[in-house]
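Okay, so subunit A shows up in both of these, paired with subunit B first and subunit C after.
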Partner chain A sequence: MSFRRFVALLGSIVGATLIVIVAFLALYAWPAVRLNGFAFLTDNNWNLGSLYANPITVHGQQIMPGAHYGILFLIVGTLLSTMIALLIAVPVGVGAAMFLAEGVSPMIRTWISLFVELLAAIPSVVYGLWGYVVVIPFLGHHLFPFLVEHLGFIPFFGGAAGSGYGLLTCGFVLALMIVPLITATLRDALVSQAASLHEGALALGASRFEAQWGVLLPAVRRVLIGSSILATGRALGETMAVLMISGNALNYLPSNIYAPISTMASFIVSQLDSALTDPTGMAVRSLAEVALVLCVISIIVNGFARLLLYYEGRQSAGVM
Partner chain B sequence: MGLTAAASPASLQAANGVRLRRRFFDYLGWFLTVLAFLLLGSAMVWILVVVFLRGLHALNLTVITQITSGYGGGLLNAIEGTLILALGGIILAVPPGLAAGIYLAEFDSGYLAPAIRFLADVLVGVPSIVIGYFGYVTMVAGLGWNFSVAAGSIALAIISLPYICRTSEMALRQVPRSLREAGYALGAGDRKVVLGICVPAALPAILTGVLLALAISVGETAPLLYTAGWSNYLWTGHLIKEPVGYLTYAIWAFITEPFSSAHALAYAAALFVTLFVLVISVLSRLVLDENAGWRRRHQG
Partner chain C sequence: METVAKIAVKKTEDEKAERVMTAQAVAQAALKIQVSNLNFYYGSYQALHDVSLRILSNKITALIGPSGCGKSTFLRALNRMSETLRGTRATGEILLGQEDVFAMDVVTLRRRVGMVFQKPNPFPKSIFDNVAYGPRINGLAHGTSLADLVEASLRRAALWDEVKDHLRKSAYALSGGQQQRLCIARALAVNPEVLLLDEPCSALDPIATAKIEELLYALTDTCTIVIVTHNMQQAARVSEHTGFFLMGKLIEFNETSLLFKKPACKETEDYITGRFG
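Take a look at the complex of A and B:
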């Protein structure tokens, strides 16, 4: 076998892994997919049924009586926490990238960029620890009651301030975890734009900020969109930090931004132990369906972002 | 000249207003960008202070010499398990990852290379819990391996694969074309040129990618929860059917217990993991920057 073919064969494992993961999850979850149908995504009721009764047969599948698998609350929790994280992360990420690209001298840029970009290196479970130990008491005792009192007139800002576990806390911590992705990519793109763009703007009388905001930032908008979508993908699948600070709500739709939630990723961790007590195995298969849905969503989100960034790379390569 | 002289006081005033407004937005803009940066910087400092202060406070000799017993004892079993799982994952991931990197960088033609690159980039984004659950379904339950070193290492290998693949590709692409041409001109084949010339030339950057994958593996929790399990004891050498402890589990499981001895273990574990990950991240950044700088200087 030629070396080239050998490398191709061995390297194909990397690509094949993704296909194998999706295939095996789909295969394992298939009985649950058939049993749950489309209502899996639209029903707000995850119930293992009566675990002490004898299994009954529904649609040719053995399940426990009263068992029902619907994950609307997970979809809502995942989407809302990701949305809040993005609302915080995109403006902060853009601001920090502009500051790092133009506001500091190149001499120290590397170092202070590294400092904030290391936020991406900190493990998820350490964010969870930090959130659990210091952020939740702070938010629950101080910030959330303050927000309820002073901003309570805004829809979803009023009501019970809760204990600190919940939607907004997840949004905060997720935002911190995904901001470095946006900042690092955008800073690189801003710095590597052709100098003529920047100089042209300055020659027309723009100030340095106006050149950044009005000329360079629009030039890298596709990079911003692409990196924001990648960041979305990361927030959608974040597990440990969310598990430790979300409150792990079950069958509960949040009524305000302080309410406890649960996300698809953290639900898989928090529910596998109890799902294993189901003698028919349908609960474990339904959890596999949750994993499958999450996997498919992340493939769509990441695939779209990658294609966008490839296209951008090819375009800018063509221009230069 | 004439125009300026003829300008009415009203238009002068308007021009002044525009100038003031522009200056105001300039200051406001820079203020907001600085604020955004300070927000990130202070969060980073806050996290580091919490982890390091509490971690150092919890540190003593027992932590690294004793195994866990109940909610106390030490973390020797977890430290050992983390190293075994992470190294196992790297050993499994390097051959296919490096091969894919070589293929993408050296033989980038046809449809296979773009397909592998795209799948690898999407695989990076697949949530780690999905990979953990895949491992549970196929290896732990399906093959009957139970919680084990093998299942945990394979899960970590899947996570490392795309990183090793893409960093090796980048590293190999930095190798000047002339080196390859010289090799082929001297009559070397593909294998000689790639393994004898390109890989050695790109080795520092490739190793950096491997180290980064190691750091990511050490920091992972979700893919291990239902593949490696947890054990209070040292590993006895069985690849399957023997659960193994690891540091990130200790962080998650022990911080929610009501005992201060458990909290101390969680903080110590967080200190180890964070320190390891940060040191490797900074080092790899230095190596990669140095590398890029070297290329820039030598290629003009």
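Take a look at the complex of A and C:
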């Protein structure tokens, strides 16, 4: 076999893996998809039913009596926690990247960059444990009551401050996990920008910040969008850390930013054990459907990003 | 005019008289930039040795010399762009009008002393936003007056007719020569007193080069121009005064016609006749 064919084969295996996984998932979840219908996405009720009764037949599928699968609260929890994480992480990440690219000497940049990259290398369970031991007591006892008292007039900032487990905590910890992704990528892009752009701005009387903000940052828009999408993917799929700090809300929509939530990824882990006790297997198939929905959301986010980059690229090329 | 005076001693009486007269003419015309005993260091490496030079208002001054002779370093010292590199140091004095350049606010200095670089470096923005960048960050104009300023700057850079219908297009869609004129328009938009050009045509074809040379002369009504060039024909074509740099020293500085026809120094003659460099 020629080298060319060998490499082509390897490449297709990688591509095929995605299709095979999604196809398998869809196939396995198919009975659940047919049973749950569209209500799976809009109902706020996940109930395994009475596990000790005899299975009944609904729409030709065997399920336990009283079983119902609706995951609106998971979709909301996943999207909101990811959104909050991005709202925090993008400005922080951009600021850190600008600082590393311009504000410090190359030597210090190397050192700080090393730490930033190590931050990305920490296993997520460590973030989870740290969130559980350190962040939650602090947020629950100090920051959240403070926010309720002083910013309570803003919608979703008031109400019960809760225990510290919940949406905003997830947002914080997820933000911390994805900031390194954004910072490291953007810093490299900023540093590799032609020095001539930077000089051009300085020669017009721009300060170093103005040059970074007004000229270099727009030049790396595509990188910023790309790294934010990567970060979104990670936040959407983050499992372990969220499991430990989200409060694992069930069938409950958050009423404010402190409320406990659950996300699709962490829900699959937390519910797998009890789902396996369902003798009809429908609970596990429904969990597979959760995974399928998560996949589809990730693919949509990615597709949206590509669309954005495509139009960005056309603009930069001057087509418009 | 220390250098000119020094050189004059070496020459015959006739030529000496001619050169002294030139020196007087230079002294009488309005001075824009006066550089005295400038030394410049990159770390421990000394790139400029005791350079003294006077640049006249509303004239074009060319700086020539072989690669690495310090002419670009000298140019970049004039608006303190050289400071953007770490470990650089300058001694001596540069006066812009009557003001000490090293004591000035660097943002003000760079607004008053604009710069165009060797490679066209348009920003990743639209044509309009490129030209509007300087006025915007310096708070010079907005709204209609900004649009007028952009148009005026593009007209002065002889680019308006080519881009007036595509102002919202990316600057990257322009040709190299157009991009360089855009960079000149961008520099002009903050209404600088001095325009420094660092080999502005080295990346351009002869036609684009000719366009830029034409436009430089027209700019002297409001600007003093200092241009670094590798191209001696270019220096001869566009400038009124020329300085020849060699190994960090200003070897000779004179009216362009004199410097090219009757160079006072052996090194200058060797360089302009193509014996080295």
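By definition in this document, the second predicted complex is superposed on the first by the 292 of 320 C-alpha atoms of A that agree within 3 Å, B and C clash if a C-alpha of one lies under 4 Å from a C-alpha of the other, contacts with A are read in each partner's own complex, and residues count from 1 in each chain.
Heads up, the rule we're going with is that contacts are C-beta pairs under 8 Å (C-beta built on N, C-alpha and C of every residue); 3 or more make two chains touch, one makes a residue touch a chain.
From a predicted model like this one, the values you see are computed outputs, not experimental measurements.
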What does the overlay on subunit A give for subunit B and subunit C, a clash or a fit?
fit
Classify the contacts of A:255 with the two partner chains as first (subunit B alone), second (subunit C alone), both, or neither.
neither
Decide which partner touches more residues of subunit A, taking subunit B and subunit C as the two options.
B
Could you look at A:215 and tell me whether it touches subunit B, subunit C, both or neither (first, second, both, neither)?
second
When the two structures are overlaid on chain A, which partner does A:105 contact: first (subunit B), second (subunit C), both, or neither?
second
Which partner does A:207 reach: the first (subunit B), the second (subunit C), both, or neither?
both
Look at A:96 in the shared chain and tell me whether it touches subunit B only, subunit C only, both, or neither; answer first, second, both or neither.
first
Looking at A:199, would you say it contacts subunit B, subunit C, both, or neither? Reply first, second, both or neither.
second
Pick one for A:302: touches subunit B only (first), subunit C only (second), both, or neither.
first
Which partner does A:274 contact after superposing on A: first (subunit B), second (subunit C), both, neither?
neither
Shortest span in Å between Cα atoms of subunit B and of subunit C, once chain A is used as the common reference:
6
Touching subunit B and also subunit C: which subunit A residues?
207, 210
Under the definition above, what is the set of subunit A residues touching subunit B in their complex?
2-4, 6-8, 10-19, 21, 24-25, 28, 91-96, 98-100, 103, 110, 112, 114-116, 118-119, 121-130, 132-134, 176, 179-180, 183, 207, 209-210, 213, 230, 233-234, 236-240, 243-244, 265-266, 268-269, 272, 284, 287-288, 291, 294-295, 298-299, 301-303, 305-306
Taking the complex as given, what residues does subunit A use to touch subunit C?
105, 194, 196-207, 210, 214-215, 218-219, 221, 315-318, 320
Seen from subunit C, its contact residues with subunit A in the complex are 79, 81, 84, 86, 107-108, 110-111, 114-115, 117, 119, 121-125, 133-134, 137-138, 168-170, 172-173, 183, 186-187, 190
Subunit B residues touching subunit A - in the complex, by the definition given at the top:
22, 25-26, 29-30, 32-37, 39-41, 43-44, 46-47, 50-51, 54, 95-97, 99-104, 106-107, 112, 115-116, 118-131, 133-134, 136-138, 141-142, 158, 161-162, 165, 189-191, 194, 215, 218-222, 225-226, 248, 251-252, 255-256, 266-267, 270, 273-274, 277-278, 281-282, 285, 289
